[in-house]
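To keep things clear, I will list the structure first and then write my remarks on it.
By written order: A, B, C and D. Residues from 1 in each chain.
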Amino acid sequence: MSTIVQTLTEFVADIVDDSRVAIPPDYSGVAMAATRALILRGARGLRLVAVPQAGFQADILIGAGCVASIETAGINLGEYGLAPRYTDAIQRGELRVIDATCPAVHAGLQAAEKGIPFMPLRGILGSDLLRVRPDWRVIDNPYGDHDPIVLIPAIRPDIALFHAACADRDGNVWVGVRRELMTMAHAAARSFVTVESVSDRNLLEDPALAAGTIPGLYIDRVCVAPGGMRPLPFGDDAGDAAALSTYARGAASPEGYAQWLAGWLA
Amino acid sequence: MSTIVQTLTEFVADIVDDSRVAIPPDYSGVAMAATRALILRGARGLRLVAVPQAGFQADILIGAGCVASIETAGINLGEYGLAPRYTDAIQRGELRVIDATCPAVHAGLQAAEKGIPFMPLRGILGSDLLRVRPDWRVIDNPYGDHDPIVLIPAIRPDIALFHAACADRDGNVWVGVRRELMTMAHAAARSFVTVESVSDRNLLEDPALAAGTIPGLYIDRVCVAPGGMRPLPFGDDAGDAAALSTYARGAASPEGYAQWLAGWLA
Amino acid sequence: MARRLARMSAYTDEELMAVTMARLLADSQHVAVGALSPLPATAALLARARRPGLRVTILGSRHHNPFTDGGRELFDCAAQGRIDTFFLSGAQIDGQANINLVGTGDYAKPTKRFPGSFGSAYLYSLVKTVILFKPEHTPRVLVPRVEFVSAAGVSPPHEYRPGGPRHLVTGRALFDFAQGRFTLKSVHPGQTVEDIVRETGFDFDRGAVGATPPPSGDELALLRGVVRREVADTYPRFAAKAFGV
Amino acid sequence: MARRLARMSAYTDEELMAVTMARLLADSQHVAVGALSPLPATAALLARARRPGLRVTILGSRHHNPFTDGGRELFDCAAQGRIDTFFLSGAQIDGQANINLVGTGDYAKPTKRFPGSFGSAYLYSLVKTVILFKPEHTPRVLVPRVEFVSAAGVSPPHEYRPGGPRHLVTGRALFDFAQGRFTLKSVHPGQTVEDIVRETGFDFDRGAVGATPPPSGDELALLRGVVRREVADTYPRFAAKAFGV
C-alpha cells in the first residue's frame, strides 16, 4: 500500500544502501530534493539504472560517494557539458559503468514490466557494447532465416525514484506524458515518489488525468516536496540555469564539488 | 499524413477487401458507424484481429459475410450472451478462427510496435493453444536453465480501426486510458479513426490531454461520426441496451439476423 | 439459477456461491476479476466490504479498475506477482483441473464451439491463487478429461509456474486442489457426499467433508446492500436477479 | 566555433553546417533529432521552414516532440520505419563510418571516457538515412579505426539493417557514404581538397568534388528569424551564439 510520509528523511530511510535504483533523465521527473536527503543520510553502494541516460542527479550522487555502479546509455549535463564527477570517478576506478544504449534500457524495463526474462531488440549488432555486455545475448531469430537478433535481459530495479506533479490520497501519481516514469514504476519492486502537492480528489476519477496517472498499486512512498526537482526545470518552472551552471563549473574539480556540496547540504 | 474525410463512405473506401484489421473490445472504442459503412460497401475477406477479444462488431461483420478469419482470445456479447453469427459461421465452416489468449494478442502487437519479430511470454505452456498455434514457438529461455518459454510472433495489422472521443486538425486523437488503442495504432501500418468531434485546439499542447493522445504521426484517416460507437456504451453514453438486446435475440437465427441487418442498414 | 430451490432457503444460489468464494480470499491483498464474471465480482466486493484494505480490481468496471496502461496491464501486473487471486471457469473442467473454454469434438470441426480461452492460458499459471467457479455441477461439465485444454491445471516441475488452481466452487460443493487432485472440502446445504459423487464426472479425494456454512446475516446484509449496488455498476442484469430480498 | 573565421564570411560555421545538412533532407518525410543536438535541430527546422509538410521531431523540445508513450517511443517509431532521417556524431569516426562515443584506451581503464553511446547502437541500423555531423574535422577525430565501436557503420549482408550512415557533414566538407566507403562530395568555402586529405585520418574516395554552396540569403533569413527562435526554445545557449546577425 502507498504511504504518504511527512519528511524526506523518512522518505529516503527505506532506500537502503546497495539498492538498485532506477532514475529518470533530466528532462523527465528527477527527485532532486530526495537526492539531497539521500546524501545527507550517507547512502552508499547505490546501483543506479539511468532510464535511459543520466545527468545532474547521477553526477551529484557519484561525487558524494553514494554510487557503486551505474547502468546508463550515457551521461552529461546537457547544455552544461560533460559530467565531471562521473568522469573523475571512472578514471579513479571508483565507479563501475555498465554501458547501455537507450532502447535497451527501455526494453529491459519493459521485460520486467511484462514479467518476462528478456526482450529481443533490433540493431546493436556490430557494436562493441555486445563485447562489454555479456548479458546481452545474440540468438538466431526463430522466425527468421540466419537472422541474428540481440536479447536484453529484464531490468528489475529495487526502487524507482522520481518526482511528479501530483499524487492523491490513494497514492495514485500523475506523470502526464512522462510515461517512462510509469514503466519504471511497473518494473521496479517498489516506487518512491516526491510530488509538488497531494490532491484530495482521486486522480483516476477524472478521465483526462487518469490517462497520465500511475495507479497507487505500484507506489509505495509519497512525500510532498514542492520544487523537488529544482534546480532542474519541471513543467512550467524553467529551473535555475544559474545554479546548474554554478554546479557544472564547481564540479569540474574535487575541491569545487566539495564546496558546492557543502553549500547545497547546508 | 492524417486526412480528415467527410463521409464514412470515403472513410471505409481504403479499408480494402482482405485487409488485416485490428479492432478493440466492446468496452474500448468500437467504430460501429464505420462497421455499418463497411457492410454497405460490401467488404469481403477481412482478417480481423480482436484486441484481445471480440463482441458485437465482429459478430455483425461475420453475419454480413465480410470476414474471412478472426484472431481472438474469445468472443461473446457480454451480458447479452454468446455471439450467434460467429458460432453459426464456424459450424458451417465459413470462418477461420485463430484462437489466442488475451496477453498474446497484446504481446504480438507490442512486438510490432517495437519492430521486433517476436515477444516472449510466460504461461500458456500446457495449453492446447500451442497445438493449434504452430506460429507460437516454445524455446528454452537463454537466461534460464531448462526453462521453456513461449514466443509470440509480431502482429502487424494493415489497419487499426476504432472510435475515439476527439481528434484535432493535425490528426492527433485522444483516447484517454484506452491505451490498447494506442498500441494498435503504433502496431498497424495505418490507422482509421472515427471521432465524436474535431477540436480546433492542438491536443498535444494541453499537458493533461496529451497524456492520452495518439500523435497524428500514426493516424491516416479521421472521420467525424457522432455517436459512432452506438449502440455500444461509450464514455458517459450508457449505450442502447434495448438495441443490443434486440440484436442478440434477432441474430440467434440467420433469418432474424438478416431482418435485423436490413433494419440497421436502412 | 437465481430461482429459490425447493428447500426454500433464505438466500439465492448465487449468494451462497459468492459467500463461499469470498471466504477463500482471507489471505489475499489484491483480488482481480476478469471481464464477464459477475459472481467473482460479487465475491470480491463482499470480501472488500468486510476488509476495506483489500484491493479489488474488476475489469469492465469504471470504479474498480485502476489500470491506465491499456488492456495489457492486468496481464503484466499478474506476471509481476502483484495479483494474489483470480477467478476462472470452464465449459468443461476435469479432475486435473484442466479447463476447456474452446469447444468439443474435433477442433477443426467442433460439435460445440465455446467463446474462447480469453486470458486463462496465461493467468492460470501466473496468479498465485486461482479459484475455479462453476454454478452447474453435473457430469456434463465436470468431466474425466476436457476435450480441449484452454489452460492446464498442473505443469511439469521444471516449468515456470508461480501460480495455479487452488479451489473449485460449484453450485453443490467446495473442493480444494493440490498435487494434481481435487479434494472435497464441504457440501452446500441440501447436498450429500453421495450427490457430489454422482454429479461429478471425475474422481476426487475425500478427507473430513464438512457442510458449507450458509451466508450469515451480516454477509447477506452486505451482499444485498453495498455489494449489490457496486455489482450493478458493471453487471446490471446480474444484479437485478441474483440477490435475494 | 561560432567566431568568424579569418575569411570574414557573412555566416557562421554553424550556419554553413546547418544549411549543408538541411539540404540533405529533401527526400525525407520525417526527420528526428536526438537530445543535445542543436546543430541537427537547426538543420531540421530550416528544412521545415522551407517545406512545411516535413515532420520534425526534436527530443527535449516542448513544441516539436509529439511523443506520448515515454522515452521508448522514438526508438519504437524508428524500428517501425516511421523515421526517415536521424543525426549522429562521434568523438571518433572512422573510414568505415564506425562511431565511438564511449572512450579511448582500454575499456576497463580508459585514457579518455566519453559520455556514452546513447541511442546510436540502435538507431544507426534502423533509421533509413543517418547523417553524421562533426564540426571538428581533424585527424584526431576522423581516425583510421575507432577505439570503441558504439555503432557500426556497416553490417554483414545477412544482418537485419534497414538503415545506416549516408552522409558526413564536418566543419570542412561534405562526404557521402556507400558500400563501406566515404566519398568526398564538396569542400566548404575556404577549404581545398588537399586540406581535407591532410585533416582526415582515414582514406576516402574522390569523384567530382564540388564546392559546398554557402547559405543563400533566403536560408540566412530563415535561420536568423524563425529557426533561431524555434531552436532557442530547446537550446537557448546555442541559439545565443551560433547565429550571425
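Operating definition for what follows: contacts are C-beta pairs under 8 Å (C-beta built on N, C-alpha and C of every residue); 3 or more make two chains touch, one makes a residue touch a chain.
Keep in mind the model is a prediction, meaning the values are calculated, not measured.
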Both-way neighbours, i.e. chains that touch chain C and touch chain A: B
Centroid-based (C-alpha) most distant chain relative to chain C: D
Between B-C and B-D, the pair with more C-beta contacts: B-C
Computed distance of Cα centres, chain D from chain B, in Å: 41
Centroid spacing, where centroids are CA-atom means, of chain A and chain D in whole angstrom: 28
Centre-to-centre distance between chain D and chain C (centres being mean Cα positions), rounded to whole Å: 60
Interface hub residues of chain D, defined as touching at least two other chains: 67-69, 72, 76, 79, 126
Junction residues of chain B - those touching two or more other chains: 107, 110, 114-116, 121-122, 144, 147, 149, 177, 179, 182, 210-212
Chains touching one another, given as label pairs in label order: A-B, A-C, A-D, B-C, B-D
Interface residues, chain C side, partner chain A - complex: 30, 53, 55, 66-69, 72, 75-82, 126
Residues of chain D touching chain A in the complex: 35-36, 60, 67-72, 75-76, 79, 101-102, 107, 109-110, 113, 115-126, 148-152, 154-155, 158-161, 235-238
Complex contacts: residues of chain A adjacent to chain B: 107, 110, 114-122, 137, 139, 141-144, 147, 149, 151, 153, 175-177, 179, 207-212, 235
Residues of chain B that touch chain C when the two form their complex: 25, 27-28, 51-53, 72-76, 78-79, 82-83, 87, 90-91, 93, 99-104, 106-107, 110, 121-129, 132, 144, 146-149, 177-183
Interfacial residue positions of chain A with respect to chain C in the complex: 1, 112-116, 172, 182, 186, 204, 210-218
